[in-house]
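Next up: some structures, all given as structure tokens.
You will see two complexes here that share subunit A, one where it goes with subunit B and one where it goes with subunit C.
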Partner chain A sequence: MGLNDWLIALHLLSAFALAAAIVLFWVVIVVVRRTDLPEQVASAARLLPVGSVTVAAGSIGVIVFGIWLAIALDEVKVWDGWVLAAIVLWAISTEAGRRADPEFDPCVTRANELVAAGQTGPDAELAELARTRTGLLLHAVSTVAVLLILVDMIWKPGA
Partner chain B sequence: MLASIRPDSWNLPLFVHVIGAMMLVGGLLVASTSVMVARGEARVLRIGYLTMLAICLPGYLVMRVGAEWTYSREQLGDAPDDPAWVGIGYITADAGALLLLIALILGGFGLRRLRGGGTGMLRASLVISVVLLAAYIVTIWAMGSKPT
Partner chain C sequence: MSDDTILFLHLAGGFLFVGGSIAAAVLRAAAMRRDRPSEIALLLRAVRPAVPLVGGGLVLAVVMGFWLADRLGYGLGAGWLSATFALLAWIAVVGSVAGRQDRHTRELAERLAADGDAPGAELSQRLRDPLNLALNASLLAAITAIVALMVWKPGA
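Here is the complex of A and B:
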């Protein structure tokens, strides 16, 4: 196996890590939006640290190995339209994901505070924090951008 | 940079294959994480199992349909022997289907037993998801690097 084979494999593994983390965040979002019980929210939130590490590794890996590949492969140039489109979409996805994260922090903090205080019953403020529209919208934007990157990578418009 | 330039007719089957595989791997990440962070807490294990049922199972089916569709479009079956990376894909997909089925059945019983307080079967079901995730990481590497 040559260097380029390794680069493609690492680029693909990073893309899967990014997509897997997005799925994980969707699962947590769906769970917390469907409940107003602090323990349920706190339980779902325990998945988040793994999601954060995975999304960081995936995002960095996909751009680093992707650009490295574009430089290494003779038939691809960094300034090709579809490569530039992917870089722009990656930036949109990363920024939307980064902004979505703090939107859910107050909900997790509130749930942990309630659990620590021994309050296990439904909480209206928690339910309101969990149903953040901004957080949902930003995560949806991040997801759509990643889907468009996949479409761009497979169809390679203009190549 | 998922692969080099290929005929347009291969793109849609490949897209279906990859999107299904991403759903499958994403669901397995959730299931694996849940068993690792649960510390025996049934609520977290339940999230992991329901994710396997709602995301991994449909993801697997989409991935498998896309794989066969891509295989026929690329006419890989015309060659006397499959390339090694296709072989790895078939082995992990077929063995993975069996393991996923076992995990879902085991977890289904485990979910019923939760009312009695036991989490052993649900945990065992989710441990299988860790094995599956490891196998699919190797498969993704093989699909990308295409070793001979």
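Here is the complex of A and C:
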């Protein structure tokens, strides 16, 4: 197996890691939005670091091996329209995901404070914080951008 | 349908299947680290939204994979494809067995949560049942192997 085969393999494996992290974040968001109990929010939120590590590894792997591949392959150039489009979509996805994270911080902080204070009953403020529309929207933008990257990778418009 | 569309649906199915499976595994592992039945029930319940992703993704990936193999002229008897089919059969059988065990564990956690939420030995044993853990680990190993077979296509 040549270097290019390895680059494609690592590019794809990174994409799988990215997809796994996105699904995990969606699961946590769904769980957090469905409850107003501090312990349950705090419990689900403890999964976020796993998602963050996976999404970082996947995002960095996808862009690094993708650009390396574009440089290594004779028939592809980094400045090809579909490659540039993929890079822009990757940037949108990464930034939207990065901005979604702090949107859920007040909710997690509130949940942890309530748990530390021994208040385990439903909390209206916690429920409101958990249902952040901005956080949901940013994560949705990040997911759609990744889906568009897949479309771009398959059809390679302009190639 | 064009080859590109079939490939897109095959890959989208694969991403959903692998993503959902890993999310489910993370939730299952996280449940093992908790003591309170309510927390365990929450995490095991959270697996449920991932189940349609895993099932739908698997069906999409397999159906489109068959179609793609036919269109691209890959022989279905090729070693890497035969190995993939064997692993998929393993996932289907073991997944249903392990899934049923995990559902019973979740139901026990929900009963205990509703009944005072005190940690119980039976729940702890079920979460750490060596057979169930081995089955779940074998599922992850099979998924990893399928991804590797699809990426490297040994012998193709």
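The definition used in the following text is that the second predicted complex is superposed on the first by the 159 of 159 C-alpha atoms of A that agree within 3 Å, B and C clash if a C-alpha of one lies under 4 Å from a C-alpha of the other, contacts with A are read in each partner's own complex, and residues count from 1 in each chain.
Note that in this section a contact is a pair of C-beta atoms (placed from the backbone, for glycine too) under 8 Å apart; a residue touches a chain by one contact, two chains touch by 3 or more.
Every value quoted in this text rests on a predicted model; they were computed, and no experiment measured them.
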Fit or clash between subunit C and subunit B when superposed on subunit A: clash
Which of subunit B and subunit C A:35 touches, first, second, both or neither: second
Touching partner for A:100 - first (subunit B), second (subunit C), both, neither: neither
Touching partner for A:24 - first (subunit B), second (subunit C), both, neither: both
First, second, both or neither for A:114, with subunit B first and subunit C second: neither
First, second, both or neither for A:66, with subunit B first and subunit C second: first
Superposed model, subunit A: greater residue contact from subunit B or subunit C: B
Touching partner for A:89 - first (subunit B), second (subunit C), both, neither: neither
First, second, both or neither for A:159, with subunit B first and subunit C second: first
Contacts of A:76 with subunit B and subunit C, given as first, second, both or neither: first
Those residues of subunit A which subunit B touches in one complex and subunit C touches in the other: 1, 5, 8-9, 12-13, 15-16, 19-24, 27, 31, 39-40, 43-44, 46-47, 50, 54, 147, 150-151, 154-155
Complex contacts: residues of subunit A adjacent to subunit C: 1, 5, 8-9, 12-13, 15-16, 19-24, 26-28, 30-31, 35, 39-40, 43-44, 46-47, 50, 54, 147, 150-151, 154-155
Touching residues on subunit B, where the partner in the complex is subunit A: 1-5, 8, 11, 14-15, 18-19, 21-23, 25-30, 33-34, 36-38, 41, 43-44, 47, 51, 55, 137, 140-141, 143-147
Subunit B partner contacts - residues on subunit A that touch it in the complex: 1, 5-6, 8-13, 15-16, 19-24, 27, 31, 39-40, 43-44, 46-47, 49-51, 54, 66, 69-70, 73, 75-76, 147, 150-151, 153-156, 159
For the subunit C and subunit A complex, residues of the former touching the latter: 4, 7-8, 11-12, 14-16, 18-20, 22-23, 26-27, 30, 34, 36, 38-39, 42-43, 45-46, 49-50, 53, 147, 151-152
